[in-house]
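Some structures are shown below for you to check.
Next come two complexes built around chain A: one with chain B, the other with chain C.
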Partner chain A sequence: MARTALQDVLLTLVVSALLIWIMPMLIGTYTLTVLVIYGMLGLSLGLIWGFGGILCFGQAAFFGLGAYTYAIAAINIGESTLPMLLAVLVPAIFAALLGAMMFYGRLTDVYLGVITLVVTLILFKFVNSTAGPQYVIGKARLGGFNGIPGFQTLNVPGDPGAYIWGDPYYYVCAVALVIVFLLVTWLLRSSFGRIALGIRENEVRMGLMGYDVAARKTVMFAIGAAIAGLAGALFANWGEIVTPSLFSLGQSAEIIIWCIVGGLGTRIGPIIGAAGLAYLKFLLGQQSLIDNTLITGLILVLFVLFLPKGLAPAIAALFRAVFGRTRRKPDARRMRRARHG
Partner chain B sequence: MDLTFVIIVETLYAVASLVLISAGLAVVFGMMKVINLAHGEFMMMGGYVTITAVGLGVNVFVAMLVIAPLVVGLIGLVVERLVIRHLYGRLVDTMLATWGLSLVFIGLATMIFGNTTTGISTPITGFAVGNYQINGYNFFIIVVSIVLVIGIYAVLRGTRAGLIARGAMQRSDMAAALGYSPDRIYMATFFCGSALSGLAGAVLAPLVGLVPTSGGAYIAKAFITVIAGGPALIAGLVSSATSFGVVSQVFTFAISPVFGEVALLVLAVILLRAMPQGITGRLFKGKL
Partner chain C sequence: MAETVLETQGLTMRFGGVTASDNVNFKLKARELRCLIGPNGAGKSTFFKCVTGLLTPTEGHVFMRGQEVTGWHPHQIASLGVGIKTQTPNVLDALSVRENIWLAARRFHPVSEARDRSDEMIDRLALGSIARSSLGQLAHGERQRVELGLVAVADPWLVLLDEPAAGMSAQDVERMTAIIHDLTKTAAVVIVEHDMQFIRSIADTVTVFHQGAVLMEDHVDRVMSDAQVRAVYLGKKT
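Up next, the complex of A and B:
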C-alpha cells in the first residue's frame, strides 16, 4: 500500500471515468451493462475469498436471492427504490445467518464449500418447484422454472413512470460498480480490512490476539453477499426476468472461475476476469465450431496449472519487470495461502 | 403390506444408488484426499460408453460391468497423469482443476454426441406386488452396490495391494521409505476410483435419459455423501448413504419427491454443522 488513500481514490475515479466513456464505443451498451454487473458479482466473491479467505461455492445463491427479492418486491410495491434496498439487505441478512451458523461451528475449507453448495442447491430445487399457483408472495407468483417476468424495472426514485433503461442504465450500473469498488477499497484499508487479512493468514493467531474471528468472518461474508445481491438486482433489471438458473451451480462455478482467472487477492482482478470471460463467452456463443463449455473448462484447468495467481498479479509482475524498479515486494506466499481457504 | 414392501425396496434402492454414485469419489477422496469434481462427468462418460457399446452389438451386461469401467478408468489415468498429479496436497486447486475438467468433458460430449437425450431400455423387466409395479432393475442396482461394498472391503483388507494402499493412505512417506512409490499407488488408486465412477454411470444409465450435462445431477449428491461420511472409507460411505437415503425416502413418501431432495440437503447441512469431520470422524473412528 505505497499509495495514499487519496491517490488511490483519484486514480480509480480517473481510470473508471475514462473506461466508462471509452468502452461504449467498442462494445454495445446492452452487452456492456451485463459485463459491468458480472464485474460486480466477481468483486463480491473476490472480496470474501481473496481477502477474507472464505471460499464460497454458492455465491450465485446471493446473486439469485438479490434478483428474486427485487422482482418480488417490485411487483408488490410498484416502485424500484425500496426493492433495490431490500435486494441488498435480504441476501446480507441471509448470509449473516448462514455465516454465523458456519463460522461459529468452526467449519473451514471443504466443509464450508459443501454447505454453501448445498444451500445453493436447496434454493435452486425449491424455487424450481414453485410453479404452482399456491406459491405466492403478496401479488407476485414465484413461477417455478418459468421465473418471474414483468416486474417494475428501475425508475428514478420517487417517480415510478420514469424508467431508467438503455444507455442511462449502463451509466447507472457503471457508477454503482465504481462506488462499490471504492467502498471495498475503503473497507480493506480500514482496521476491519487489515484484521480480515490477518484472519485469512492465520486464524488461530488472530483469535489468540483477542479478535472475535467468527464474528468478523460472518460480517465479511454478509458484505460479500450484499454486493452480490446488488449485482443480482441490477441483473434482474437488465434481463427484465428472473429465473431459477440464477441459482444454478453453473453460475456459481463461473464466478469462481472469474476470480481465479482475474487474480485472487486483488480488487481489480475478479472484475477484469468476470468482464473478460463473460465477453469471451459472448463472442464464442456466436460460433458453433467449438463448444462454449469446453473452452471455459480448458481456461480454468490451464489457469490452475500454469497461472494459479491469475492475470492481474501476472500482468503487474510483467509490468514491473519491464519498467524498472519494483515498488512493492512481490508477496507470493500470501497469495498461495489465500487459495487454501 | 404391499405398500410396506414397496417402501422398503424403494428405500434400499435409494441407499444403494447413493452408495453407487459416491463409491468412486469416496475411494479417490478417502485414499488421496483429492476431491474429483469431474466425478459426475466420469459417470456420464460411463453411461455413453455403455450406450455406444450396446449400439455396436455388445451384450448390455458386459458393456456395463466390464467395458464402461475399463474405458472410464483409462480416461481417469490420462487425467491423473496430465493434471491431477501436479496438484497433490493442494485441495482447493484440485477441486478447481477437476471442475474445469468436468466442463471440458461436458463440452466434448456435446460435440461428439450432440445435445440430445439418449438412453437404453432396462434389461430386466418389472413385476407387480399387489397393486404396485416394481422396477426389477432396482434389485440389480441393490445387488451391485452390495457386491461393490464387499468387494472394496475385501480388496483393502485381504490383498497385498490393499495393504499397500492403506499404508500409503496413512503415511505416504513411510510407504515410500519401504520402497513403494506413492506416485504409482496414487495413479492406481485414481484408476480404480475412475473405473468405479464409470461403473456407476453405466449401471444407472438405463434409468436416466442421458445428456452431456447428466453428471451435474450426481456430483452434488456424491460430494455431500462423501464429505458427510468422513475419513473412514467404507463405514463412512455406508453410514452417510444410509442416513441420507432413508431420510430422503421418508420425506418423498410423506410429502413429495422435491421435499425428499430438500430434506436430504437440509440433513447434510445439519450433519456437517454437528459433526464437521463427518460421521466417521466422530462415531466409527479408526474403522476402514
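Up next, the complex of A and C:
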C-alpha cells in the first residue's frame, strides 16, 4: 500500500471538495447530479468486479430495484427517510439471496454472468407487464411501461414539506458519493477487503487457507447491490419518475463499459468512466448526426485495444512517468539481478 | 502412543468406470512424516484430493483427529488446522509475498499478530528481498517456497503436500527439505511425491500406491529394495 489510510482520506476529501466546488461552474447541476449518481453506480460494480472478481451482468437490476423500492415506499409512507433506507436494504437482501444461490452452488464466471443477465431480463419483463390496475403495492400502482411518477421526493428527514431539489440536491448526491467512496476505501483496507482481493486472485487457495469463499463473495455481492440501490434511489429522486428502462440490458452493459473504460481494480476509475461516458452520451444526445451507442461502442473497442487497463491506471502511469516517481521499478530490477548473480 | 491425526477407512473413489482409489485404509500419527509414492495413475493424487475435500469420495470415511470430515469443503478442513498445498501452485499472483503470507496468517490470528507472524515467516524462509514483489513475477522455486510459507504460517497440526519438489532446482529442494523438517516438529506431514531422490532424503515411512490401492507400507529403505515396488515402477510383470 503506497499511501497510509489518513493520507488516502485527506486526499479524497480535498479532491472531492474541489470537484464539488468547481464542477457546477462547468456543467449545470441538473446534469451533474445524474453524473454523480452514475458515478456511484459505476463504483458499485467497480467494487465487486474489480476487487471482488465478481462479474455481474445485472448491476442495473439492483439499480432499478433501489429506484422502484424508493418510489413504492415513498408513495406509501409519504416521507423519504425510511424509503431511502429500504432502497439500500431491499437490493442488498435480494442480492444476498441471489448471490448465496450462485456462490454456494459453485457456479463459475460464465454462468454467473448468464444468471445475473437473465435476472435483469426477468425483472425488466415483469415490471414492464404490470400496467394493469391489479398490480398494486399498498397505495402504489406499479404502472408497467408507464413507470411510477408522482412520488414523494427527498425531503429533510422528519419534515415531509421541506423538499431537497435543484442545487442542494446536487450537493446531497455529491456528498453521498464521497461518503460511499470513503466507506469503500475503508472496506478495501480492512481484512475483509484484503481477503476479498485474495479471493479475486485465487479462490482455491483462499479456500485451502480456510476462508469460506462462498459466504464472503455473497457479502461482497450484497454490498455492491446496496450501493447500486442507493444510486437507484437517488436517481429516482432526480428523475421524479421510475420506469422499467432502469432494468434494461443496455443499462447493465453501460455499467460494464464504464468500468472497463475507467479502469478496473481502481476505486476512482469506474466513477470517472461512468461520469465521463454519461456526459459524452448527454452531449451526443444533443445532435442527430451519429447514433451515440455507436460512439460508446467505438470508445469501448478503442480502450480494449489501446488502453486495456483503463483510464485511471493509464493516467496514474503517465503521472509517474512525468514526475519521475520511478523509484520502484529500478529497485525491483536491481534486486532481481542481485539474487541471480 | 501418539494420537492418530488422519485416518481413512475404505476410501474409494470412482470416476465412471475407473476406480482411482480402491478401498484405501490409511493411518497417520501426530508429527509423523509420511511419503506417498507410486507410478503415474496410481491414485496418489486422488487420495490426496479426497482427504483435502477437493473431491468427495464415492465410498469410505475420512477422519481427522477422530472427527469425521468426509464430504467437507476444503475451507472447513483447512479451518481445523490442516495446511494444504496442491500439485499445481496455488498462490495469489497479483499480490505481494507479504500479503500472501499475511492472508494465510490472518485466518487464525488478529491483524497485528498476523503481521508479526508473517514477518517472522518471511525471515525464516529468507524471502525478505522479494517480500514486496508480486507472486506473478517470481520464479517457480520461489513461488513453491512462498506457498509452503503460507501453509506453515497458519501453524497447522497436519500438512498435506502434493508434489512439493516438482520442477525445483537442487538448491530449492534442499531448502524445501529443511522447511519440511521444521514443520514436523509440530505437525504430521504427508507428502505425495514422484522424485525418488527427494523421498530418499526426507522419508521415513513410505506408503506405496498401485492401481488405486495401497501396495505396501514400510520403511523407505525396505520399500526401495522391494522387488514388487521396483517392478511396479519399472512396469515389469511380477
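Please note the rule applied: the second predicted complex is superposed on the first by the 326 of 341 C-alpha atoms of A that agree within 3 Å, B and C clash if a C-alpha of one lies under 4 Å from a C-alpha of the other, contacts with A are read in each partner's own complex, and residues count from 1 in each chain.
We take it that a residue touches a chain if its C-beta (ideal position, glycine included) is under 8 Å from a C-beta of that chain, and two chains touch if they have at least 3 such contacts.
Owing to the predicted nature of the structure, the values given are computational and were not obtained by experimental measurement.
Of the two partners chain B and chain C, it is B that touches the larger number of chain A residues. Once chain A of one complex is fitted onto chain A of the other, the partner contacts of A:L97 are absent, as it touches neither chain B nor chain C. By the touch criterion stated above, A:A131 is placed in contact with neither chain B nor chain C.
Applying the stated contact rule after C-alpha superposition, one finds that A:I290 touches chain B and leaves chain C untouched. Chain A residues 339 lie at the interface with chain B in one structure and with chain C in the other. Here chain B touches chain A in the complex through residues 35, 83, 86-87, 90-93, 95-97, 99-108, 110-111, 216, 220, 223-224, 227-228, 258, 261-262, 265-266, 268-269, 272-273, 276, going by the rule given at the top. Interface residues of chain A facing chain C in the complex, by the touch rule stated above, are 191, 194-195, 197-198, 201-202, 204-213, 332, 335, 338-339.
On the side of chain A, the complex with chain B involves touching residues 55, 101-102, 105-107, 109-111, 113-115, 117-119, 121-122, 125-126, 129, 249-250, 253, 256-257, 260, 290-301, 304-305, 308, 339-341. The touching residues of chain C, when paired with chain A in their complex, are 52, 73-75, 78-79, 84-86, 90-95, 99-100, 102-104, 106-108, 111, 129-130, 132-133, 137, 150, 154.
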